[in-house]
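Below are structures written as structure tokens.
Two complexes come next, and they have one chain in common, subunit A, joined by subunit B in the first and subunit C in the second.
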Partner chain A sequence: MAYDTDIQISICGSAGDGTIAVGDIFKRAMAHIGYRVIAFDQYPAEIRGFGKCIARTRVATSRVYSMKGYSDVLVSLNDLHAIPHVGEVRNYGALIYDSAPMSAVAEGAHISGHLKPGHIPYALPMREVSELATGANRSRNFVALGFVAGLYQLPQDAFHHAIAAKFESKAAAVTKSALAAFDSGFEAGAASYQFDDVRIDAPRGRKSTHEARMMTGNGAIVQGCLDAGIETFFGYPITPATGIMEHLAVEMPRHGGRLVQTEDEIAAISAAIGAGYAGSRAATATSGPGLSLMTEMMGLGVMAEVPVVIFVSQRGGPSTGLPTKTEQSDLNLAVWGGHGDARRIVLAPTNVEGCRRCAGRAFEIAEQFQVPVIVLVDLYLSNRYETVFLQDENEFLPKNWKPATTPGAGYRRYELTTDGVSPRCIPGEAGGIHTATGLEHDEYGNPSDNSGTHSLMTQKRHEKLQAAIKHPGINFTKRFGDSGKVEVGLLTWGSSFGEALEAMLLAQQEGIRCAAMKVVMLSPFPVRSVLRFYKDCQQILVPELNYTGQFAKLLTSEIALPVTRISHATGAPLDVANLVEAIRRAARKHRRRHNAA
Partner chain B sequence: MIPQQPVYLEDKVDEIRQSGRLDYRSQALPTWCPGCGYYSVTEGLANALNDLQIEKENTVVVSGIGCASRFPFFMDTYGFHTLHGRALPVATGIKVANEKLTVVAIGGDGDGFAIGGGHIPHAARRNVDITYILFDNGIYGLTKGQVSPTSAIGFKTSTSPFENRDAPLNPLLMLLSYGASWVGQTYAGWPHHLAGLVQQALEHPGFSYLHVLSPCVTFDKTDRTYQNLDLTVRELDSDHDSSDLALAMQAASDTRSPALGLYYTSQRETLGQALDQVALRAGAGG
Partner chain C sequence: MPSSTHHVVLGNGIAGNHAASVIREREPDSRITIVSAGALLFYNRYDLPNVFRGRQHWVDYLVHPPEYYESRNITLRRKTQVTELDTRTQTLSLAHRETLHYDKLLIATGGHAYIPERLLDYTKLMLGFHNFIVAMQAQKSVRKGGTVIMLGGDVMGIDLARTVIATGHRVILVLDSRTFWPHEVTPSERVKYLQALTNMGVEVQDSGRVERIEMISGTGSARRVFLENGEHIRGDVVMPFYGLVPTVDFLATSGIDMERGILVNPQLQTVRDNIWAAGDVCQIWSAKHNAYRFFYGYRNVKAMGEVAAHNMTGKKATFTSTVSEELVINRDGTLYSPYWEYD
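Let's look at the complex of A and B:
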């Protein structure tokens, strides 16, 4: 096995059961103990009602890159919701459920009637234990959590610590009853004989010099913004990007930043572009529907050469689509959206640490190349937790752009230079007066519809971006797996890269020579390194979360070579097992051909 | 408003040169038609900036799209000629980024009240410390004469060939009810009145809205002409109390004989001050 410990636990309940809350405590406690953790919660789109909540946490001693396609342990706080997920528990995996529900249930409505052969059941009277420990039945979730900790002999104090931290701002009685319920559950778990083969060994002693923290993709974007010294933010609430604005609303005012919630996404990007024009590090955040509204203003940013950063967290589309489900279907919009030849820069991080790095570098790149930069993530990456090791907060470069060498009457804001980047002045600078415009313009910024001017300026706006592929401090492509020639290569982007990498590791264990490359910069496209990878692979698979193969099409338009698309549009992340199967098939095909030849 | 004494061109040119207000004008020749009311706004703004001694590098003129929105090119200040309808949010962003700047948003009736209509209430209610000068000629000029949200009923244009039947908006009433903290109206045919109000609007801390009635000499030969406006406009009553919102709304309701002057002014927290308060509450620097 590649990992000493690598288990996934799912806690499933109804909204109001405290499912997400105990899932949160579990992942924080495990991260505190020193495991690498990835967690992804599923919520209903509705705030009230009895929607399904699932908190899935993968815990490992080595670094892992995605959620697993199956669970080792399923805890049911609500059988109605948990029954459809019984099948995701592996053979000899554990099912933990309430053996003494609130009232009588019909035969088929209890989870015990749905177990598959090979499932190991643990029937725990959660309600009774909760009542005995706390006098109320509301702490079933903590009883269940305690049972898991006791059963797998996890250090009790790490959980106590996480529970106390969670309820820090609440009344002492809340913490007390949660701890009491947890301890009773723990006792029950410790006293149970473990029939399943789920093993959680102590993490390895290797400690990073950096502090380990649990962070979501959105949280990491916020961290990147703060570390890069964001000054202004304008946004409009939209799932799954809202968390970025909410978090910045707390943090920015403390750090001298200013945040305004605007009347719509058009106003958000307009104000961000205004603030960028005025020289501040400005950003906005949205999802697909908002990005649709922003495209016209992004074109102005390209034309008037204004730096701005746009965080986009994709969800299922089109239209209102699936607001609480993930998809990677806004690549076309991010890369091409809008009228005219309006190339901008698009970065797509593949994991939580990458979100922070791309967020911070986006400000540098926007400033240096005087252009809007989109950081494109999706709901799965925005909301999933990973243990991250925080880097130096001074990692990012301070504000900087090409200054005017000849300010005054001769100042040319859109001067044609060898690298296409013009000297930039901002309001307040005496020698830099100019008018920025969305009209085609000459070097001074004066409107011009001269054909020569238009072709030179169009060329400048495109060519200046090529150098962005060499921007330091960030890998715009990165190859993993076997080096040299391989049978199968996986080429993908964004959150899907985690599943691709997991699949690649599993396929390697089966003796298939394979490699995976992530493409972090989607525009301009890093053609040379992708082409080099392509030439090393006998078969190229391009898995992604959309129906039309948007990344595959971008890829083939840039390198003009065929690829095999694995498009998946269900609203859920890719399935690692399916990917492994696709790799096997591709390898067989390659071997048949090879043998025939 | 016709001067009683003869004015000699050379004297006037000398006076203008010496005043320093030409420093605020760019070398670009305005693209407006001869006789357009918008010239007087250019003159009025240059005048006011000069009189208030606001440095031109600390001034940003932001516009949308339309005849009026060509304005920034004719000023020798920082300018941002943005998208149709988006001058206000862009101006808001500039002001939020740098409170030291004097930010003036310029636009026409189509830019402001049709495509950009969703932004006006929010700039007003947030009390962004900018001045919004709206040139209202009741027509789309740059696209050669189509009906606008402030066109009169019965107005014939290329897109209302059988006469406009949509009731026009009342911009002053809208701005007053949106919570604008300074609302005034002037007329391009009264350049001195206009210049005076521009100056007051610039001086006001908070969102100031100046409505400029202006003819389109090329595409409107029948309705909002200099002749018709000269006959209908009047000054606000001399006893008008500009701190009384109800009175201002009453005055704004009279569209037959538009009154010129300062309708309403009040002092309240600007967006910049509000953001400073937020920073204090958040414990900035601590």
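Let's look at the complex of A and C:
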């Protein structure tokens, strides 16, 4: 019988156990087989030590939008770390663990003592199997991976392929022992009776004609940058944005671009603005603490009307906060942060494919509207893997800013035009001489403290951005679910939209009429389409990952209507089950009111 | 009784589960842990022959759903093999190198299939029927209309034979002194009962004991069984049913008194104050027989669980069997054992 596969497997271990490595192989193998995959790893903030690592992968035959709130399978490579996660596993789901630890464990320290009655245990002497297969116990992570593949009868070849690809640059012996350990685990898994009800059906024929690739949000941002022809990048490392720079550092030289690691974030944004001013497609990437430092220079970008793209991946804050945990708490800073009325454009993609699209379009938009554009993601989206189907042809437009038609003596770099966008010349262009400054200026760029000039220029800098809402090739809002009037509407942004959409689909299955809208452009705010959606919904829920309800506040300030906030600040993504419960509550409330009326 | 008492019940069978539920009724606050070497929740092994009738999902055999344990706050430790008992420190050593402390211990580890010594070399060529996985393997090994060769023929085997025959297969039973175990039968009764087996459709093979077993190459589980008289028979699967031996190997160094099983008084207490035993694993002192005796069958085993639970929680209870030990011939000439009865 064909049914929809939709399972989530979590591998939990200590740093050094190879947890993330086998999680990575698992997701790549599953994507290669043809499943839709979405994955999110958690690892400790400390580089050295024995912190907890969890690799969670959701595998499905149809598209899924978020991680599940529970797992179907949990593999423990370290019981101390895995025990707190046992409750994640559903009834009749599987727990796979080492039945022969190296040394004696205290009472209660072995995972077998923590299983719930509904869990199905698979005890495997991982260490011993690894030793027999490879002569060392180091490869028990591969034994565990093989066990999973064998138990669920997954194609061994796909895993061999993924293992070989993973260790391509390593000595052949590394691949050999990983394969030997995997195969031994596979044999043990295949020989085990499957008591759990985890079913992994063969994937259906794929609809897309494009090649499936596994990408993280950061990887997709890099792809978007490359597809858009990024020329210069300046950055300073910070979790979780570092991956963008690391990846670009490899790719940009191959594509004729330049990347410089600067001494700090202030230097990075300054250099990026300089490069943007010089006509280069320029970007930087940072996280909340770095964005705090960049805000002053972003003001210069706004004032001097310089295109530049700033990728921001949020983590838990404030201050150093939670470097390896996710949060959506830099919305205020991205939209409003800094001094003066420094309006800029802020885009917040909701999934991995969206990261590529927003990154690519961000360069066009920055150039067209001559302004810094922030692409705001969070750790959950930056590090989350999804299967994406990339199109072969590059959809992003080449440089296409409003040129100065008559440069020369009368050239007005900041001319007040009907759309607010002025003709642009880059340094070195004949007749394009002008002053670019952080001071308020007149149409020529000459400093001016005239109140009328300030008023007109402030208006220009704001009004020119309104048209960005209509920029082609990207949906700045998108509605899903039931059309027309609904009982409950979910309005949210960024990575949280996946959970909101999953919750909406589940609520629909329960007969609740509901819809969800993602808002990708946070500044300027797409008021009209959001209002339209608002009017269709009896109740609006706004789930997001911060304490103060930053998006909800932005929303109410823009549309001046009440919403119900579901704010969640734990450092972890939203819980779909909790969201479904919130939708149920809202629907019940609506029905009571409706019946009373 | 202090509420923190940790009752450890070793064994997830009838005796252990019934004892745990009675302990919980009597002591709502104490800690109860059932330890089991198996992976599954408590399921009804008496029903296992039904795998031949197509009931092939293990969940269908569960006695209690998972919620049962949660609602009673009974911890169930599965895939947890006890390797040693230290009565001095009151700890059980577990195969995965953990120790488990108990205040009161009930040993209800049941029994496992007895294989005569002369056949031990052929263990790999036979399939038991002692758990769900093996039952499924056995069922899958027998072709439609195929043949099961049963060796010995204890009451578990005869019970299975009824279903195997009813589902369109052949059963050839190679007789042994342990045929009808644990019923003790006189030579004249044996003749009657063998006739009853024939009436049930069992093909009785009385040409002497099994000499050796051979794999028929290229056939999976098909085997040839050679008998003492030189004859051989062929079947899809060979299943030993020579009765049970108590599972007591982990008690070798414990100082608990044992003969074949654990020796207990009629209150089911061992030589240690805080250790009891119940079910197939124990031999109970019978004043009537002036000997320690095994008492088999669902009703006996369940009653033992109850008696042990009462005594572990401060009440005085004594085990007495109410189960007849006689085989019966039904009106239609077929055989019936009181041990086949269960709730």
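Everything that follows uses one rule, which is that the second predicted complex is superposed on the first by the 591 of 597 C-alpha atoms of A that agree within 3 Å, B and C clash if a C-alpha of one lies under 4 Å from a C-alpha of the other, contacts with A are read in each partner's own complex, and residues count from 1 in each chain.
Here, a residue touches a chain if its C-beta (ideal position, glycine included) is under 8 Å from a C-beta of that chain, and two chains touch if they have at least 3 such contacts.
Remember, predicted model here, so these are calculated numbers, not experimental data.
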| item | value |
| --- | --- |
| Touched partner set for A:A123, first subunit B, second subunit C, both or neither | second |
| Contacts of A:N91 with subunit B and subunit C, given as first, second, both or neither | second |
| Most subunit A residues touched (candidates subunit B, subunit C) | B |
| Subunit B versus subunit C as contact partner of A:S280, first or second or both or neither | first |
| Which of subunit B and subunit C A:Y193 touches, first, second, both or neither | second |
| Subunit B versus subunit C as contact partner of A:A106, first or second or both or neither | second |
| Doubly contacted residues of subunit A, that is, touched by subunit B and again by subunit C | none |
| Subunit B - residues contacting subunit A, complex | 26, 28, 55-62, 65, 72-73, 75-83, 86, 89-98, 100-101, 118-119, 121-122, 126, 271, 275, 278-279, 281-286 |
| Residue numbers on subunit C that touch subunit A, as the complex places them | 39-41, 58-59, 66-70, 75-80, 94-101, 132-133, 136 |
| Subunit B contact footprint on subunit A (complex, rising order) | 231-232, 234, 250, 253-256, 258, 260, 262-264, 266-268, 270-280, 282, 296-297, 300, 304, 427-430, 432-439, 446-447 |
| Parts of subunit A lying in touch with subunit C, wherever the complex brings them together | 91-92, 98-101, 103-107, 109-110, 112-113, 115-118, 120-123, 193, 195 |
